[in-house]
Amino acid sequence: MIWLGWRQQRTETLIAAALLALVAAILVPSGIEMAHAYSRDGLSHCLGFNKAGGNLACGNVIGSFEQRFSKYSSLVDWFTLLPGLIGVVLAAPYALELERGTNRLAWTQSITRRRWVTTKLGLAAGSALVAATALILLLVWWRQPFVRLDGRMDNGVFDSQGVVIIGYTLFALGLALAIGAVWRRAIPAVMVAFVGYFVARIFTDIWLRQRFAPTESLTWRPANGPDPARLRHAWVITEGPSDKFGHLLGAGKASVCAGPGCPFPGPPNWMHAVFVPASDFWSLQFTELGLFAAIALALIAFAGWWTLHRE
Amino acid sequence: MSDAAIRADGLGKQYGSNWALRDATLEVPAGSVTALVGPNGAGKTTLLKLAVGLTRPSEGTVNVLGLEPRKDEAELMPRLGFVAQEHPLHSGFSVKDTLTLGRRLNPSWNDEIARKRIEHLDIPLDRKLGKLSGGQQAQVALTLALAKQPDVLLLDEPVASLDPLARREFLNSVMEAVSEREMTVVLSSHIVTDLERVCDHLIVLSHARTLLAASIDHVLASHRLLTGPRGGDDVVARVHNVIRESHTERQTSLVVNANGHVYDSRWEVHELDLEEIVLAYLGYRALEAVT
Amino acid sequence: MIEFHLETRSGVPAYLQVVQQVRQAVRLGILRPGDQLPTVKEVVAQLTLNPNTVLRAYRQLDLEGIVEGRRGVGTFVSEGAAPAPPDDREDLRPSLQKWITRARSAGLDDDAIATMFDDTLRPPAIARVA
């Protein structure tokens, strides 16, 4: 049965591997380039310096580094779709079997239906895990210089670090398996699942994550010195001028401006920020992983149950 | 009566509001080659799918070799071979891959039987299934079912879409397998002529109902054609067990299930061949079910 | 070696056709005592026939003493199954000719003669208990 599962997954496994190879082809050369630039330009000495203030030389070095590699960074931001793509591709063999009815051939051999379902779903999930891990390794390695500079808590970076990609890939897989099991038309199911993945990711990034993240608040006087250490490399959800009790004045982010058009002449007396500190990276990662993985496992189990009980 | 390979009792299957099979109570004797005939939609595929466990009964029970198809799946399936109507083979697989599938999924698989059959049929091992002819695909599907050496073989319209030569070759293969090994075979078809020389038992289904289930010898011996001068409804009503009646201006013909009955001397009695008997049953409206 | 053929529309059951063909072959000397009949498998392959039907035919021939089965070896024409002696056969033809002449002078045409012959050879079965 394992032989049969692999044999049927052959094409899709190759597609997933090809996607990863493509990713590697983009990331490896540029990653090496960035790592070289990082050490050669002595950027490690500049960490901890605020771009705007502090050492001017460091500011220039950091600025030129970012300018040089920002184009890669924005390309790699699109890679956030990859877990979804890989997940739905690996779900395709299962859905195709149900669509064509070839599962009935296996069911009239001597293995039980239950074993067929668990083996196929297990292989798909296992492959998804391996692919997700490979993707994580590539992305984490690639992004190292930027992470050292800007941290890894911001939206757009957080989701390519740590372990959440495993959850995303399994979620996309589970969604495609569940839709494919019920609908029995593989290509539409895969496409709908991919859209579903996309929507879920946006929803999480924009709305959900900040609601289950362990946020902290801080009110401080900018005049007292540099920004609080706790804010360094944190995920800043809101930040702005406030009164000394922390109630925000006006809306949105801080803008230190001087000049006649400014709402507040000169730097504000107090600033308030709601944020998730960098030290919470792993707990937030595992929370989000747990959420996506739990939903994924429920979807995969549903797909199996539906297949077994449909007829 | 452990002599029945398949036993159905009040078996029925409903899809939505539509009964595909209703109230089927019949036996398939062990070692027989049974023809399962009826028009499309009569319930033949449903009956076979119930027997092989691909679907569950809505009412009643079905037993194969004394086992329940779903519940005793692990014990029954190695002994039960099935060739589905569409033979859902993986068209991207080569013949060799398909045999590997059989070997991996069946503990009772005999690889030599499988390879000998394929060789004998001149089917190249590395050809993709999608590139084989209909007849060759059917033969590969049959090989899959036969190589695991089943005790019961169920074939659902396996030759429906084949040309006469491929049909004959397929049935020939089945008969050869039966001569080599004690096996119960159920062969469904809507073409009756193929089946008379191959089968010794007959089940007729129509509109989800079982019209007839008996050995072919018995069917031929018990059914007769009565012809006589034109008679009205009262005359026909007096005749025992009429299956179908037809009238011309001067003559009335009745197909009857005589079964030992002696008829009035106004009737001339003739024998019938199997196809004529089956057709008489199929012209029969399902609502007037045979007792 | 004898080759069987089957007439599906003849109304004669398959096994009986096989029996008749073997009888005929022995009568005509095509099959001689000691000759082996085709195996069940060979007949099945030749005619696409149910193996049980072949077995039934061979059993019938065994009962009639025309053939005998030897376990593990095959089915063979018995020693006692001799073709009909020519004189018996030759005697049949003139008496048949005489009968035909009588039937014609009684007014029967060829069809009526054939019908009477068929009916007498195979009497229409009044439904008998199966």
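By written order: A, B and C. Residues from 1 in each chain.
As a working rule, a contact is a pair of C-beta atoms (placed from the backbone, for glycine too) under 8 Å apart; a residue touches a chain by one contact, two chains touch by 3 or more.
Here the structure is a predicted model, which is why all the values come from computation and not from measurement.
Of all chains present, the one whose mean CA position sits nearest the global mean of protein CA atoms is B.
Of all the chains, the one whose CA centre sits at the greatest distance from that of chain A is C. A straight line joining the Cα centres of chain A and chain B is 57 Å long. The mean-CA centres of chain A and chain C are about 85 angstrom from one another, to the nearest whole unit. A separation of 31 Å divides the Cα centre of chain B from that of chain C.
Residue positions of chain C touching 2 or more other chains: none.
Interface residues of chain B facing chain A in the complex, by the touch rule stated above, are 52-56, 73-74, 77-78, 80-82, 84, 86-90, 93, 97, 100-102, 104-108, 144-145, 148. Taken together, the chain A residues at the contact with chain B in this complex read 1, 3-4, 7-8, 100-102, 104-113, 311. Of all residues in chain B, only 33, 168, 171-172, 175-176, 178-180, 193, 196-200, 217-218, 220-222, 224, 258-263, 268-271, 273 touch chain C in the complex they form. By the touch criterion stated above, chain C contacts chain B in their complex at residues 6, 8-9, 11, 13-14, 40-41, 44-45, 47-53, 124-130.
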